[in-house]
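Please find one structure pasted underneath; my questions will follow.
Labels run A, B and C following the written order; every chain starts at residue 1.
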Amino acid sequence: MKKSLVALALMGAFSGAYAQSSVVIYGTLDAGLSKRTGTTVAEGKRDNNKLGFRGVEDLGSGLKALFQLEIRYEPDTGVIESTTRPLFQGQSRVGLQGDFGTLRLGRGLTAFQETSTAFEPWSGMPAVAGYQTDLQVAGYSSDPLSAPGNSGNRFSNAIFYNTPVIAGIFQFNATIATKEANGNAAIVGRGTTAAPQFPANTAAQVSPYSLSATATTGPFAAYAAYERNAVETKLWSVGASFKPINELKLMGSYQKQDQDNSVLINPVTKAWLIGANYTIGAGLVRAGYGQKTPDNALASPAIAKTKQFSLGYDYNLSPRTYLYVDGTRKKATAAATFNFYSVGIHHNF
Amino acid sequence: MKKSLVALALMGAFSGAYAQSSVVIYGTLDAGLSKRTGTTVAEGKRDNNKLGFRGVEDLGSGLKALFQLEIRYEPDTGVIESTTRPLFQGQSRVGLQGDFGTLRLGRGLTAFQETSTAFEPWSGMPAVAGYQTDLQVAGYSSDPLSAPGNSGNRFSNAIFYNTPVIAGIFQFNATIATKEANGNAAIVGRGTTAAPQFPANTAAQVSPYSLSATATTGPFAAYAAYERNAVETKLWSVGASFKPINELKLMGSYQKQDQDNSVLINPVTKAWLIGANYTIGAGLVRAGYGQKTPDNALASPAIAKTKQFSLGYDYNLSPRTYLYVDGTRKKATAAATFNFYSVGIHHNF
Amino acid sequence: MKKSLVALALMGAFSGAYAQSSVVIYGTLDAGLSKRTGTTVAEGKRDNNKLGFRGVEDLGSGLKALFQLEIRYEPDTGVIESTTRPLFQGQSRVGLQGDFGTLRLGRGLTAFQETSTAFEPWSGMPAVAGYQTDLQVAGYSSDPLSAPGNSGNRFSNAIFYNTPVIAGIFQFNATIATKEANGNAAIVGRGTTAAPQFPANTAAQVSPYSLSATATTGPFAAYAAYERNAVETKLWSVGASFKPINELKLMGSYQKQDQDNSVLINPVTKAWLIGANYTIGAGLVRAGYGQKTPDNALASPAIAKTKQFSLGYDYNLSPRTYLYVDGTRKKATAAATFNFYSVGIHHNF
């Protein structure tokens, strides 16, 4: 996410005597070609594609007002992400920043989801070769009660709070959402088809929330996070990274999902992953291996353990633009086992 | 609505020798928490949320070309307004401005709706505590023949004309729309279910139009307006404001809706409201009271009179950013009677 | 398409040490009034309405990274184009430009469609008076397997390549798309209703591709193009233009569509058109005549030959803004024969 600054001036035709203002337009356009076992060559993306607008207003006395709006889209067809997600799927948030930290309202990544991406070898990109959308969340969804097709790592109707960095090392983050209904389809869960546990457009019984803490000192970084979603699924996750030399970052995480409130059998899923990023000249090598293990994964091929090995390479043409190639092998149930290869270009603006 | 000016230059890669150009990006992000009788705490908005693009081109000889495009969205979920409205719900207009006034084509607020907001204590914001969406229009909709979910205060397919300010006091405004069909659902009205008065996607029998006049002199301002929509409902409205001291603005309006062409019984609704804005330091107090009275409101509890009392407070952190708190009591039919409280942040960019 | 440059700077609050960046915001707002035989007066457009974002990054050594995102919308109602098309209907493309030419990925006009518009008297605008959407493509669609309502002159999931201009005269362009399914409705074609030739959301049997070549020298220009779409319809087209004097451009084209793979009878359609653009002071006169002839057009009134004569006039208020008036007479089957008149304003920003 690199930025271009929309320059500022007072404008005669429309404006009064306002403080100088700025809107930053930024974004990402990432497109490539891919081949997955059993499918035709397809055009797609490695990263989220963004077109965003944001700004910071200095209110004096160390206080700032912040806003950010981020459109997400599919580069190969020009539609909004998944054709059904909110226009500002990326985020729509407004708030204040000061000595007390940062407090925002709106829609965005939960504290857990925003924290954990720094400990994932594909930098939290939703690449098929990456781990963010499946193994790093142990199959968990932050937002099961939104409309079908919505993303699984955000809260709508939420309050977002981040402390300042404390003692140069620690930061704490919290997100809490209202119980408002967001247009979900009926979810049977522990109910029946006639009386689903969560009927269509149901409101949450409890407020979803998410907590995370990070510690960063020298070459070490670590996080711990806990989250509970609107159907009372719980997730906790810990992770760490270490840079033995400047060019190498090693990382790993462990996470456990507990769906006891909405799943009748085998409610617990555990997952772990390890990975590395290695800088070599203008290149960056990404590597990772991880496993996701549902309860009783060994007892039935229908609930198999997932194993994923991935290798990728970025070649930087500039600090804003790189070419990439990814390869991954994912082994799960017979139907969900595949190889995947992709090559593309990633451009920030 | 404050603005940031996108600075201008000729750009080598794409451009020829064009006149210097400018696009202003502007917008509002307003989010808050609210509590309404009988519902859970919700996140929402007080004002419309906007992301807009506009510009003015000087054509010489006092002539200017104008354009404006305004996206509307919900800050708490990131979707476009109401999830179903046009992308450029706010407006999409282009036109010319000169000695003759301003002439524009496209979609936008009608002459009546644009004029009356200056005489409403919540500045025409669609806040629950405000009066713009219900009492100040006596329940009237400017656009009954657009697709369900569309807003009720705009014309699509319209021509917008504003005179210059005459003698430093008067301005006249007119909007007229074509009869084009805009995707409405069937409206039974004076028809039957089998033969609705306005079948689905019906074209208007007459061109909708809207007229308003304003007079502003010293501390006094007043307006009068008349509008007829696509189902031949008529609305007229008058209002005035007065500033006895610089910090205080008093205002009031009266409006009458006549739905005789599309409603079988009790076609007339009358409404009035009074309000005040009082500036005190960095704060602004908003207060209002109003009533809306359908025909025979006293004869049946199902068509009760509406009474609304509201009190609000803005605390300005800067000319672009304020915090607010609103409280309102609305009394109508038993089902439509409620208290409502909200607190939030309003940021212009 | 004229442009405003969003000025550039490094921004403290969010940015690291990136190369200087730029996003250009550009667009068109064109709205007017029109009257077609047998319909009420309507508000509409002559040109595509655009709001776009693009940028060029200099990567050194003559290499550049390019991106472009273009929203399309209807000015009279504020909705996205046709209410159903992709948000970035105009294009969403990213790529590299260098000595080898320009290589891009994403969605955009095919090589044929992008080339031929320069040889059409309405400059490729989708005006009713223009020829681009019907006669200049002989009724052909570049994208029959996308969702209903999608545009007919673009490829999604495509690779776009343009050579540099060779010897100051020649340029070659190629577009190839993957076979991915894009949400089409079932197309019976040579199949049956029970077993349509192209079932709903079908993938292409072959990769669609498009080729074009242009030659430009002094007052002469010419092109040749060949394209095959996802249902294996073939189109070829040739055209030329000549400027006997600087104020006058004469042009013509011929095109042939062959739908043999998906149509049972009369698969071939031929079309030609001639036109002129004449600059007179601040004005531009546009004129054109053309015919489209399906197989057996003379044998049946249901498959009549189309004849179209059009005359238009632009009056430039500035290099970015003009007023226009168009008139056209289109004669085809009885139901498709009409006169059409329009007047409007066209503003680039």
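Here is the rule we go by: a contact is a pair of C-beta atoms (placed from the backbone, for glycine too) under 8 Å apart; a residue touches a chain by one contact, two chains touch by 3 or more.
Bear in mind the structure is a predicted one, so any value in this text is a computation, not a measurement.
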{"item": "Path length in steps (a step moves to a chain that is touched) from subunit B to subunit C", "value": "1"}
{"item": "Residue-number overlap at the subunit A/subunit C interface, same or different (half cut)", "value": "different"}
{"item": "Averaged-CA centre spacing for the pair subunit C and subunit A, given as whole angstrom", "value": "37"}
{"item": "Sites on subunit C at which at least two other chains make contact", "value": "6-7, 22, 25, 87"}
{"item": "Complex interface listing, subunit A residues touching subunit B", "value": "6-11, 13-19, 21-23, 25, 53, 55, 57, 59-60, 63, 65, 67, 69, 86-96, 105-107, 156-159, 177-180, 182, 203"}
{"item": "Subunit A partner contacts - residues on subunit B that touch it in the complex", "value": "1-7, 22, 24-27, 29-33, 40-43, 49, 51, 54, 56, 64, 71, 73-80, 87, 317-321, 344-345, 347-349"}
